[in-house]
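Encoded as structure tokens, here's the structure I'll be asking about.
Letters A, B, C, D and E mark the chains in the order given here, with residues in each chain numbered from 1 onward.
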Amino acid sequence: MDINVAQLFQTINLNVIMPEVILSVLGMALLLVNVFVPSKSKGYLAWLSLIGIIGAGFVAVTGWGTTVSSFNDSVVQDNFAIFFKMIFLLAAGLAVLISDQYMSREDCNHGELYPIILFTTVGMMLMAAATDLMTIFLGLELMSISLYVLAGFNRDSIKSNEAGMKYFLLGAFSTGFLLYGMALIYGVTGTTRIAKIASLVVQVGGAGNTMLLIGMFLMLTGFLFKIAAAPFHMWTPDVYEGAPTPMTAFMSAGPKAAGFATMLRLLLVVFPAMKAEWSDLLWILAVLTMTVGNFTALRQDNIKRMLAYSSIAHAGYCLVGFASGTATGTSGILFYMLSYTFMNIGAFAVIVLIGKKGEPNGTVMDYAGLGHKRPLLALAMTVFMFSLAGMPPTAGFIGKFYLFSGAVEAGYIWLAIIGVLNSAASVYYYLRVIVFMYFKPGEEEFDWFTISAPVALALVVSAAGSLIPGVIPSLLLQFAQQAVKLI
Amino acid sequence: MDNLNNYLIVSAVLFSIGTIGVLTRKNAIVMFMCIELMLNAVNLTFVAFSRHLGNLDGQIFVFFIMTVAAAEAAVGLAMFIAFFNNRESIDIDDANLMKW
Amino acid sequence: MGIEILGLPLYYYIAMVAKVLIAFVFVLLTVAYATYAERKIIGWMQVRIGPNRTGPMGLLQPIADGLKLFFKEEIIPAEANKFAFLLAPLVALIPAFITFAVIPFGDTIKIFGYDVPLQIVGYYDAGVGKVVDMNVGVLYVLAMSSLGVYGIVLAGWASNSKYSLIGGLRSSAQMISYELAAGLAIIPVFMLVESLSLQEIIKAQAGMKWFIWNSPMTFVAGMIFYVATLAEVNRTPFDLPEAETELVSGFCTEYSSMKYAMFFMAEYANMVTVSAVMVTLFLGGWDGPFVSAIPWLSPLYFIAKVYFLMFLAMWIRATLPRYRYDQLMHLGWKVMLPTTLALIVVTAVAGHFGFYTFSGLFGN
Amino acid sequence: MLGTYLPIMLLILVSLAFGLGSVVFSSLIGQKKFSKVKMAPYECGCEPIGTARERFPIKFYLIAMLFILFDIEAVFLYPWAILYKKLGVFGLVEMGLFVVILFVGYIYVWKKGALEWE
Amino acid sequence: MSNILSVMTFLPIVGVLLLLFIPKGSNGALRSVALVTTVVTFIASLPILTGYQTNAEYQFVENVPWIAAGPFAMRYNIGIDGISLWLVILTTFIMPIAVLSTWTAVEDKVKEYMICLLILETAMLGAFISLDLFLFYIFWELMLIPMYFMIGIWGGKNRLYATVKFFIYTLVGSLLMLVALIYLYFLGTKTGITDFSLVHFFDLKIAPATQTWLFAAFALAFAVKVPMFPLHTWLPDAHTEAPTAGSVILAAIMLKMGTYGFIRFAMPLFPEATHQFTPLIATLAVIGIIYAALVAMVQEDVKKLVAYSSVAHLGFVMLGLFALNEQGVTGALLQNLNHGISTGALFLIVGFIYERRHTRLITDFGGLSKQMPIFAVIFMIVTLSSVALPGTNGFVGEFLILVGGFESSLRWWTIVASSGVIFAAVYMLWMFQRVMFGELDNPKNQALLDLNAREIAIMVPLLVMIFVLGVYPNPFIEKMTPSIKKVIAHTRIEPVTTAKVAVPAVAPAAEVAPADHAAPVHPVTEPAAEKPAAH
């Protein structure tokens, strides 16, 4: 075996994965800090994580505009990866901010939470940056395994246990499909580097190659599980309901975006030659996902469950952007995931506050009167709901606009129409929260909680993030455009 | 001797057995074992391809899959234990607190 | 080259069958007489006589024991899981035997003009002109020795007895703990040899450059490995699974008749195997003075070394008291594991600066 | 391939034959006089209470998990060990990082008390 | 000032910011700030009126880049022409009145209420001045939110149902419009259009089949807002449940959005489709006129009655628009204004008595004119304006619409529709008679106070406008005409041959009208004569 060591060193450019390195090191450090510095309050871990996350963010953005490969082309730093990394860091940062209050209340304030969040983030970031099936898989699993833990984090709560278990079983199941797909693709092309696969896909006959086709669909199945697209969405409501609320928030934003990031890279870089095959499938799945998500959400009383179904619907909207396959649609996905992170985590932050110990899964009815007793909080929730519903002038609207525009641009008018009709249906259940907050009298005084500084910060950031891009979206949209240009 | 198809057929059969097992069994641990079976079927596929193509990437992939499967097992079984602690059962039909 | 079957010459098959049978019988006999030897040696050490009634000096004692167990009543407890109960002894025994397949118990010798390496899996490939053996021999050894744990867990669980269960769990926990240390302890050897083939490892030690004294790192590694293997096969001072005072007879409390005998055999067979592995990895295998001149000496050296190690184990049994369980785990996880990890790092760093062995044989 | 693995197959067959043979043979020639007491699991002569297959300390699970994790780590060390000279500084750095990460986990586990038996 | 439109539009937002700094309890201060803000906005809008050049150009245009990403470029492109001029003025004019109207009625959460009102004003003004389709859409949707809260929080008993219905109805329509908008844009990009500015799209040649769909999508959104006949069901609910100011704004301004949308967007953008849809829309408009009138007749609730009258009135407006000639469109736009003023006034009047009695059932009243003479006079004038008595504003508009209708292809529709004029007189006057005349037999009504100074002050400007528009509509029409001509040209209609009936000639027609258009005159006396007999 001939190994050129000098060459090995040349393939490594640590800058490419610097944000990941920062977070990993920080995660490990916090793990140790947590056991060496016994302290009842774990808030300092949250702040330390936040500093690390912000630091990683700064490091990540410095690479904007450049495309650098590293580790023998298995990781890349390009605008696409950086944009998604920002989404993940944002989700992680917001999740970290809203965790402490919740976890203290629920008596499951284990310091391990923060390192695990950081590791999850590293996994997601690797997914976005990966240009090798192996790296994709590793990122995905680093993310997934950490998420299983996060879902079942409240180990004394049966619901949390159930959530963790279900998520784990179905997640691992989906990994099986994903891997089988990867194996078949590897078998056909003989490589795991996606750039090479991309050039070989055409050579081996694209869709004409059955094994490749099966491989692609199996792999797609794995990712559709992760992004909770119908009909692979069964786990979502249970997991989202059972998991600790801040983790639900995190799960619904970050990993979903990560799934989309990888899907985008795979489908647009590796399988553009087979677009005819996958875009039809995604068309149908988009419709199915939106419809199932929205119409099931209509019947939910439990607000976490409602948001879970709504997140399925949102995955459906993003799939619309996929099906179109145009730059408008795909950049729409990026923008949408970013705004979705803001608005969804914001909404969950409110849920975190309203919940009481032991019964954190309030129903929509529990929000009756919030608008009068806690007007600012209710206002924030209103902003999030309108943004989720896609009302102007919120970020949610601009995101949907671009997604559906992509569909129209690509000629999928009916898809866009089904999309907007779904969007209209979704308004009903988002409004329902507002209805209860403002229009229904409530007996509750909403005096059992105080808004701690981190949660307040998270709320402000989320609200700003849901509103400002709705009014002046240009800059972010341009970033998203630049990001998808490279893939 | 080095007939790729034989390996692929075996691994496909294993994968299917695993899949069917996950879908039909109720015991969480048995389900998890079926998932492991699926993963190992994938490993077999990778190794067969790797051998066939004379390319080591597949075998390296298998390394990672095994590692990840171990980590997954650690987390998963811990989860099952936590569940068992609360419900005295490991049957997924008992994971029924949340229904739409 | 005469008749070929499936691409291999006929003599290969004959040699294979012969080697398998020889090795099997050798292990079986060693196991049988190891029991006798143990009783005798410990007896002497404790100024007793040991078995002396059956045959001259009690030499027929093992056979008598075996025959007795053959005729004993077979009891399967009610409530036991019958299938697992029956399977367990087999699962314990078979890996102990088949581990031997990769261990070279002698140099390549000429028999009737044919080159026959004294290693079950090894054969002389005329095309390549050298001995071919399993290139991942060490992994095979580790894999097989891990399998033994299943037998014990199964036995403990299937018996439906509390002593069996706890005993089974304890011994499996103990075995895997020390397997870890053992598995890590041999890494420095590979770092020096750059191969997992046992033939290569022995070749690297040729000329009395045994790892046990050739390099400080491998010396420490060898010590750790030996202690860890003692624990892995549940030998004193780590024979907790059979701590009569605590757990009656551990996982095999409910076993009787030949099935009990099989656990017993498995334990001694394991002892033979790990001794053989130890010999191969650290004591130069069949290497010894004049081997290159007289290849027939090699199996004798090998057997001598194995028997020496077994004697050592018996000596230790006669000498040392038993560990407490928490001490046992403490030793395994908090001492041996970090030590082996540190050892690997030290070996790597030292190796990087050229300090591989005392003699500088492998130095660059 | 065949040359390497056929003997193992043979050895397995021989050991299996020996094991099965002795079990079957002994159960054929051994006497069989069952009684309820004899069939009961041994519990120091007392009446056995309940089933033995109940819950056992979580410690054993922990040990098993730790074993799997560290064993898998050994899987990565083996190939590295074989190539370690060829990989030179590169391998040293890489594996150094690997071991450091491993050590962090180890220290965490230690401090968390997972290695304490009592 | 070149950015007068922006200043005017966003002044209410400044008011909102001011309101945020005023503590919750101090209702007086909150109300004053809101009132001052709306008044200042009105004053700020006056330079638009005075500076308006009577031509077809967009004026006071501001056009700066806003969003540019991907294939899209949205611009902050605003400006007004004759079509939107009066609607803008109407908006700024009505808003202070709206604020005053609920001066005392809203006691609870005044701050939030005023904030809603002011945001609503910005949204409505923005929608009227947007020359960028995307910008328009944003404002169009933004209007929903404050209105939703106004009805939902400060509305009546059944407010929840009403407000959600209102929201969903409007939203579904507008979302389809959004898709059509996007589609239209991409059609445009093929011919080199680079942003959403409305003017670019007028020259777009769109295949008739495509036009049909696009028009349908646009029309649906606007028809819901108008509201056209089968889509009108949200309106009575929303009106009934809304607080007075909400009803006033809804009727006076928001409904205009629908008709405005038709004339500004749907019709000139898709001329062929407009032709194609004319019979359908005219039919629906006529059905709306008749149906709403019949339903209004049997209403128990005054407010619901007024709401249905709105449906009927807007049916006329639609008919006028789709007559697609100068008279028709001019009439429609004028009627837009008239309806804003008179129906707004009607809702105010309903609000006055509701505030006093907390009921709106016709049967709860009777003989109020004895107790409240000033109120009676005002109510009478407004009612007459609503039934389009010559001399009031309603007459001019309806007359022009009918003239336009007759001269267009919609003659038969117009003939049927003119019966609606009679129906309108019937239900309005009958209602008036039941409420105001007869015996003052309900003891609760005997202690009613007449209008106070504030209420009179609210009504006076409206009454003035009723007469100004009724007697001398020329200045209003003059300013509209060039833009109307331009729109009609855009819809590529050959100007109807009877273009000789020049618009200035219409004003004198107001005086001549009673002779050849006597229909409205009869009901004025008829019900009044009949009802006492029925009692």
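Keep in mind that, in the parts below, a residue touches a chain if its C-beta (ideal position, glycine included) is under 8 Å from a C-beta of that chain, and two chains touch if they have at least 3 such contacts.
Just so it is clear, the model here is predicted, and its values are computed rather than measured.
Q: Apart from subunit D, which chains are still tied to one another through touching, counting links that pass through other chains?
A: A, B, E | C
Q: Identify the chains adjacent to both subunit B and subunit C in the sense defined at the top.
A: Intersection of subunit B and subunit C contact lists gives D.
Q: Which chains does subunit B share as contact partners with subunit E?
A: Intersection of subunit B and subunit E contact lists gives A.
Q: Which chain's mean C-alpha position is the greatest distance from subunit A's?
A: So the farthest one, by centre of C-alpha atoms, is C.
Q: Going by the average position of its CA atoms, which chain sits the greatest distance from subunit D?
A: E
Q: C-D versus A-E: which interface comes out with more C-beta contact pairs?
A: By the number of C-beta pairs in contact, the winner is C-D.
Q: Would you identify the chain whose C-alpha centroid lies closest to the centroid of all protein C-alpha atoms displayed?
A: That would be A.
Q: Using Cα averages as centroids, what's the distance between subunit A and subunit E in whole Å?
A: That pair's centroid distance is 45 Å.
Q: From the C-alpha centre of subunit B to that of subunit D, how far is it in Å?
A: 20
Q: Could you work out how far the Cα centre of subunit A sits from that of subunit B, in whole Å?
A: Each chain reduced to its C-alpha mean, subunit A and subunit B end up 25 Å apart.
Q: Roughly how many whole angstrom separate the Cα centroids of subunit C and subunit E?
A: 96
Q: What parts of subunit D, by residue number, touch at least two of the other chains?
A: Those would be 2, 71, 83, 86, 88-89.
Q: Two or more other chains touching the same residue: where does that happen in subunit E?
A: none
Q: What parts of subunit A, by residue number, touch at least two of the other chains?
A: Answer for subunit A, listing residues that touch two or more other chains: there are none.
Q: Quick one: which chain pairs are touching?
A: Final set of chain pairs in contact is A-B, A-D, A-E, B-D, C-D.
Q: Where on subunit D does subunit B make contact in their complex?
A: Residue list for subunit D touching subunit B: 1-2, 58, 61, 65, 68-69, 71-72, 75-76.
Q: In the complex formed with subunit D, which residues of subunit C make contact?
A: These residues of subunit C touch subunit D: 6-8, 12, 16-17, 19-21, 23-24, 28, 69-80, 86, 89-90, 93-94, 97-98, 100-101, 120-121, 123, 125, 132-134, 138-139, 157, 159-166, 169, 172-173, 176-177, 179-180, 183-184, 187-188, 190-191, 194-196, 248, 253-254, 257-259, 261-262, 325-326, 329-330, 333-334, 337-338, 341, 344-345, 348-349, 351-352.
Q: Under the touch definition given earlier, write down the residues of subunit A that touch subunit B in their complex.
A: Spelled out, the residues of subunit A in touch with subunit B are 133-134, 137-138, 141, 145, 148-149, 152, 155-156, 158-159, 161-166, 168-169, 172-173, 175-176, 179-180, 182-184, 186-187, 190-192, 237-238, 241-242, 296, 299-300, 305.
Q: Would you pull the subunit B residues touching subunit D in the complex into a rising list?
A: My answer: residues 1, 63, 66-67, 70-71, 73-74, 77-78, 81.
Q: Residues of subunit B touching subunit A in their complex?
A: 8, 15, 18-19, 22, 28, 31-32, 35, 38-39, 41-42, 45-46, 48-49, 52-53, 55, 57-58, 60-61, 64-65, 68, 71-72, 75-76, 79-80, 82-83, 85-87, 92, 95-98, 100
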